[in-house]
Every structure is written in structure tokens, then in C-alpha cells.
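When the chains are written out, they are named A, B and C in that same order, and each has its own residue count from 1.
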Amino acid sequence: MGNENRIINILLKVHIALCLLFIFAPIAGSFVFSLNSDRFPSLPLGEFSTEWYRLIWEDPLVWSGFANTLIVGLTVAVIATALGFGGAYTDFRYNFFGKSFYLALALLPPTIPVVIMGLAMLAFLSRVNLSGTTISVIIAHGVMCSPFAMAIIRLRLSQMDPDLEAASWNMGGNQWQTLRHVIIPFTKPAIFAALFITMAVSFDEFAVAWFVSGLNETLPVKILGFLQGQVSPRINAIGSLAFISSMTLIILAQLLLRNPEEPKS
Amino acid sequence: MKEAIDMTGQPEAFVKFENVVKRFGNFVAVEKADFEIGRGEFLAIMGSSGCGKTTTLRMLAGLEDPTEGAIYLDGEKVNGKATWDRDTPMVWQSLALFPFLTVQENVEFALKMRGVGKEERRQRADKWLEKMQITEFANRNINQLSGGQKQRVALARALVTEPKILLLDEPLSALDAHLKVRMQAVLANLQKELGITFVYVTHSMSEAFSMADRVVIMSRGQIEQIGTPEEIYREPYNRFVAEFLGSANIFDGTVQGPSGDDGWDISYEGGNTILPRSELTDAKQGQSVTFIVSAENMQLSLPGSGQAGIEASVAGEEFVGGTAMVFLETSLGQEIKVQKSHDELSALDLHAGSKVIVHWASENCHVLPGETG
Amino acid sequence: MNRRPTLFSLIMAMPLLVWQLAFFLFPLLFLVAISFWTVRNFQMQPDLSFANWERILSRGVFWDAYLRTIVLSTAAAVITSLIAFPASYAISFKMGEKAKRWMIFILIIPFFTSYLVRVYSLQVFLSDAGIVNAALSYLGLGPFSMLNNAFGILVGMVTLTLPLVILLQTFSMNFINRDLIEAAHNLRCGRLRTVFAVIIPSAKVGLVVAALFAFILSFGDFVSPLYLGGGNPPTLSIMITDITKSGQQWPRAAVVAIMMIVTLMTVAFSAISYAYREKGK
């Protein structure tokens, strides 16, 4: 390209760097602070210390929060992926009256502010005596995570030769056999990616969980509690561990979605 | 040259389309398709895109249901019968091979769907892999194969259940020219060897005419003509088919009256001509009639030779193999095609703009039955 | 194939539909309903009363919070869009394919970190004796009060929304036909003018949608206003959490929530209409 102005390009690149710095400073900071002895870190930084990690390792509240998060996360991953798969396939294959309504219902949850979702879920679930249980968090996260699963799987389905399904029928496979032997094998990478990503979304979700989990708090809700109390520095340790595990899930999902069979587009 | 399949005297056709109509909303994709396909026949359905040929094939496969009418397969009415319950395997234009399965697994697929045991599956698939000469690729992923090899896999996959009918949807359209010709031979031989019915959809006239016993020509949902390639070529039914064939010259005329015992006097743009009674059994004065004369049957004379015919000037020439196609333009702007050998052409010494007289023997006219009246 | 729904199609389509109807749509509708209920003996009772509505909408505290929330979210949306634009521009137009993909991957990472943890970390950065003030003191500046005020809240909101806005803007600018830009240059339009005359109008929909998302996210956020803004005076989201956590007055919280939803829907609708409105119609 002609018309390149070196100075402007450099300024733009600097701007990007500053933006990235702004975005990642809290993340990097949290990691650094988790290994810092200071309760209220400042410059100059205090000594290296793994005290906070030791504290959370020994804190039964943290462990119970972690256990709840894990149970919820695994269950939600399976439920949301299953629901999302059904929705994605329905969108892929069928046209029907009210399809727009169906899709809106399926995909809108991420656009509703979490405070409102939390309140609505709390009111509804208490009314049916389901509030304050792990199940209530699972239900709420099922609503919030299935759009992600649906989007991921739908994307993968759009990459499929539409004749593949018809070919399977033509070869004598009925719809169930075709689902089992063609659709699912083809979308397998997306299914796994959906499992990982819905799990990651559930892991980090604190607001709605805070509303509905009552005493069965998930880890993010515990963090919220820590923020309000005086035990704040552990947050960094928890946060860093959570970050590493979420990143692992995301990287695995990315690798899965990069299908080695097909040429990269 | 293939023998025409005589449909009279057959107890029952293998496939029967009975007044089949297919509508998608307001759009009519197939209009009153009514024809039969014989056992062991190679039938081609030909037309340009959007003419309804693929829809017709898909209805036979069970991928679409007719809006009206009935389809019979081997004597049984199959409307509404799901495609997986029929044995009408199809070879897709995109081949639709399963990318997550090996070649062997692709070929075995139809048997697996029908619950055939592992050992028997493998044996039957091996037989077809060998028949299509792709045994060496058995364990490869299909992405590693060339276009022609993938074609063979698609064929093996479709034929592994030893069906009585095979459907093909423009299977050769994605191949290179030289591969196309080779695969045409492979398919034609395969069909003869297996003796099963082939229903072959294509937009290519050369493919249809070279491989098929009979051809169905479709346009905009309508069947324009069904017949052997030779019948169609010699006696196209209407203007559409004549234009589709491309090598005939089409003239519109009006009946003036009888001409002798065995002809009709016709007036047309270039003057008058005589159509034999064999082409037009009954006609009234003033009736419009459309007739064609093929390019090969056109004769050229120089002006001043006293020959009666159409005056035209040479617009261009095109050489195809050992013959030349001369394009002429009449004073009214109609294009006339004349096919001559090189020798004949050189004798006339023509160049662009040369004036000639075009004429033909009246027995070389063919009236289009579909345009008369 | 067939017009009648088959068992197969129902099994695929129904679970998601039933789940979302029961646990998404219904609770939201229920929320509207309970705004008319009353609380007696610490229990919500079905009723058809406008008491909650009157109570909330007549109080200055509510409208103060309403105004404050709108001003903060609008400011956040605008500031984030402005900060994001040069970055998105650079990514979209000045980077090769591989660099672009890396940038997108990098920008997705924050979505999978805990917003709470980031906000806590920001507290450490922004507090009076925190990292930023300490650094500034080396330059002889400050200390500046960056927490428990609007500045802190905005920093938090920008942190929340910046990655998403950059991604959405980049995505929409990727679709601009590069020929248009070359044509503009060819017609002696300078780089800056091209940005305003060609790029922004072409990417209008994407830019508006990005700003809209930033607005929606900030509007509903309670973490930044609470932990970086001090929580007082409250935003609408803090009002809801306060009311909910401190008693059973859920009907009143529902009123606030509905006002929020209505506002968001109005803003979203207007923004999208504006974005899709074409000149000359």
C-alpha cells in the first residue's frame, strides 16, 4: 500500500500497545500480587511469597466453593451443550412458523443484564422452592450458557456439505442413524469446544450465581464475599488459578476447532 | 448405436412417474411429469439449470415428495416413503463423501446402515473397491484422493448394496475434460455390465446423447421431449428442443395449400418451399407451421446460378474437426448455419460478405409437431 | 422432507425451547408480574397493586440513580468507542492476516478471566496508596483520588467493555471493501478525511452495535460502581442488589429491573434503527 505515513503507523501501534496494557494490567497485576507478600501491594513491590496460595489451599470454604463450581460447571457443560446442539441442529435443518421467536429465545440471554437475570431467577426459583440449591445455579447457567454452545455448533454445521446428511439417508440411514454416524462425528470438535467453553463461562459467572445459590456458593460467589470482607488478597491467588484453568480450557477448545482434516480457510 | 428400448409390450415399467407435479410455494419446479423408465435402461434427464431435472431425480430418490401425482418404483407406489427405506442410491454432484471416514468405511456405509455384519461388510466392500479399481486407497482419507478417484469411491459406495437402480446427479460436471470422457466410458460400460437402471441428470447434451438409451429433455419444469438420442436429433418435437440441439435451422412458415399429391406449399421468409406430406399429414390453409432443416442438409449455390432459395451473405466460419460450419445472415437478419466439408467449401471460394443462395431438398425438412397449429 | 413435525425433529428442537421458556422467558414475565405484588409478613403475596410502582417512581433517589446510571453508561460507551477506534482501525487496516488472528485471540482472553478479580486488582492499582499513585509520585505528581468516584467506575466499565468493542469494531471494519478506500485516496482524499468520509459511514452498523453492547454491559454492571465507585450514590443495578439482599422487597426491585429493561430496549431499538437507516430514504 502506498500513502503510508510512518509516524501515524507508529502512533497507532503504540496506541494498540497502550490498550493492551490497560486491558491486561489488572490480569497481570493480579498474578503478580498473588505472589507478593503485601496485603495492599504498592510500589515498590514487597517480597515474593506464596502465602496466599497456602491460605486458600487450607481454607475449607474455598474448597467447598471450588467443589460447587466444579459440580455446577461439569453439569452445566453437559446440559448446555446438549440443549445447544438441539437448537443448532434445529436451526440448521428446519424452517417453521415461529422460527425467529425460537432463535430469539435461544440466543438472547447474554444480552440481558445479569442483575436482572439474577433477580428474575431468584424470584421464580424461590416460588418453586428451588432457590438456594446447587440445582438453581445449574438451571440459571443452563439458560446463560446454551447460547454459546448453540453458536459454536451452529457455526460448525454451516461448514458441512448439506448433501452429507442426504447422502446418509440415501444410503439407508434413518434420521437417528444419520445423527449418530454422520452429524455427531462431523460436529465432534465443536461439541468438545462447546463443552469447554460453557464450562469456562459457568466457572466465571458470579452475578446470577450470587443471587440464586444461597448458601451453596460457587467459587466466584465466594470471591464476591471476599471482596466485601477483609480477606481480599486471596482473591488474587484464586483468580490466578482460575485464569490458568480457564485458559487451558480455551486453548484446548481452540485447538479442537482448528480441524486438521480440512484446509485452513 | 444403442437400440431403442421398446416400452410397448413390457409388462410393467421399473419406474413410473404419473402426472407428477412439484411445487415449492408458488414456484412450479416440475409440471405434469408423466413417463416410464424400463428395467436396465440408461435414461438421461437433460436441461439447463432450473429446468426441474434435479428435482425430478430427488423425488425418485425420496428426498422430495411430489405435490401431486404418483411415483412407482418396481410396481410399488413410493410417495411419502422415506429415502432410507428405498433402495435408490444416488451419486451426488458434490460426491458427498464422508470426510471423517476412510474410503473403506465410506463404501461400507450403506451396508452398516442396513445392519450387515462386520465381516460380510468388509468382503462386499472389498469386491466393489476392486471393481472400481480403488483397492489401494481403502484406508486413506478421502481428502487425499483426486477428483477421478473420489468419483469411483462415490460409485462404489452407491453400488455396494447391489441396487436395481442408480441415480446420478451431474456426476461429471466437476471433472476435467479428459477425465470426463474417460468416466463416461466407465459409466456406460458399468451400466451395461450390471444391467441395472441408470437415471442420469446432466446439462450436457454430449454426455446425455453419448451414454443414454433414451433422453428426457426438460425446460422450466416441463418435459419437452422423450426419445432416443437419434430420434431427438432427427425429429425434434418443438422449437425449444431444436434450439437446444443447436445444429438445425428453424423456419416459421404458413401453409398456402396442397402441392401435388404428396406435399404442401409453404410460404416463409425466403420465399416458398414444399413440405412432404409425411411430415405434415393434415393442414389447413393459413395454418402456421415451423420446420427445421439441419445444417448438414443445407446446400449452397452462387447467385446467378438460377437456383431458387434464400439469399444470404456469409457472416463467419467455424472449423470443427474435418468440417466447417458456415454462418450466414439473411437480409431479414436470420442466422442460418450450413455444415460443409473442407473440400466442398473450397470449391465455393467464400469469404466474409460473399452472397450465396441457400436451398435444400424438401425431403430434408422436418416439421416440429409441437409448434404446428 | 415432510411437513408434519416428526418425533425426531421434536426431540431435537423441544428441549431447548422448553428450557428457555420455563427458565428464561417465564422468570422474566414473572418479574413483571411480581412488580404488582405486595409483601406481607415478610412474604411476597400475589396482588394487583401499583404501590410498588408509585413508591419507587416517586422517590428522588430512584431518579437520581436512573440518571446517574444512564450518564455513566453513556460516558462509558462513548469513551470506550473512542479509545477502541484507533486500535480497531490499526488492526483492520494495518496488520497482516496472521497478526490479525493473534490479536483477536489475545482480545478474547479477557472474556475468560474473572471480572471480579480484575476489579479487585484495579482497586490495588487505583487506590490512594496504590500502584499508579506510587508511580506518579516518582514523577512528583499526585496523589490522585481515583477510587470511590466516577473516575474509578469508568475505569472499571472500560476494562469490562474495551475488548468486546475492539473486536466488534474490527470485525465490522474488516468487511469494508478496500477498493472504496483506494478510490477515496485516488480522489485526493487524505487519510484522516477518508476515515470520516468513507470508513466510519461504511462501518456504521458495527460501530453502533459495539457502542450499544458497551452501553448495555455498563448499564447493568454493579461490580464497578460498587467496588470502584464506593456504591454511593447507587446506580440502578446496585439498587436492585441492595433491595434484594437486604430484605424480601423483591417487588420493588422488580420495578427497578423493569425500568432498566424498558430503557435498554428503547436505547437498543433506537440505536439499531439509526444504524440501519440509509441516506436518501
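Going forward, a contact is a pair of C-beta atoms (placed from the backbone, for glycine too) under 8 Å apart; a residue touches a chain by one contact, two chains touch by 3 or more.
Note that the structure is a prediction, hence the values are computed from the model and not measured.
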item	value
Chain whose average C-alpha position is farthest from chain C's own	B
Chain nearest the global centroid, as defined over all protein CA atoms shown	A
Chain A and chain B: spacing of chain centres that average the CA atoms, whole Å	56
CA centroid of chain A to CA centroid of chain C, Å	18
Centre-of-Cα separation between chain C and chain B, whole angstrom	61
Of all residues in chain A, the ones touching two or more other chains	none
Chain B, residues touching no fewer than two other chains	63, 82-83
In the complex with chain A, residue positions of chain C that touch it	5-6, 8-9, 11-17, 19-21, 23-28, 30-31, 34, 44, 83-84, 86-87, 89-91, 94, 103, 105-110, 112-122, 124-125, 127, 129-131, 133-135, 138, 158-159, 162-163, 166, 185, 191, 216-217, 219-223, 227, 237, 240-241, 244, 250, 253-254, 257, 260-261, 264
Sites on chain B touched by chain A in the complex	61-63, 82-84, 87-90, 92, 94, 96-101, 109-110, 112-114, 141, 143, 157-158, 161
Parts of chain A lying in touch with chain C, wherever the complex brings them together	2-3, 5, 8-9, 12-13, 15-16, 19-20, 22-27, 29-30, 33, 40-44, 82-84, 86-87, 89-90, 93-94, 96, 102, 105-106, 108-109, 111-125, 127, 139-140, 142-143, 146, 150, 175-176, 179, 200, 204, 206-207, 211, 220, 223-224, 227, 232, 235-236, 238-239, 242-243, 246-247, 249-250, 254
Sites on chain A touched by chain B in the complex	161, 163-164, 166-174, 177, 181-182, 185-186, 188, 261-262
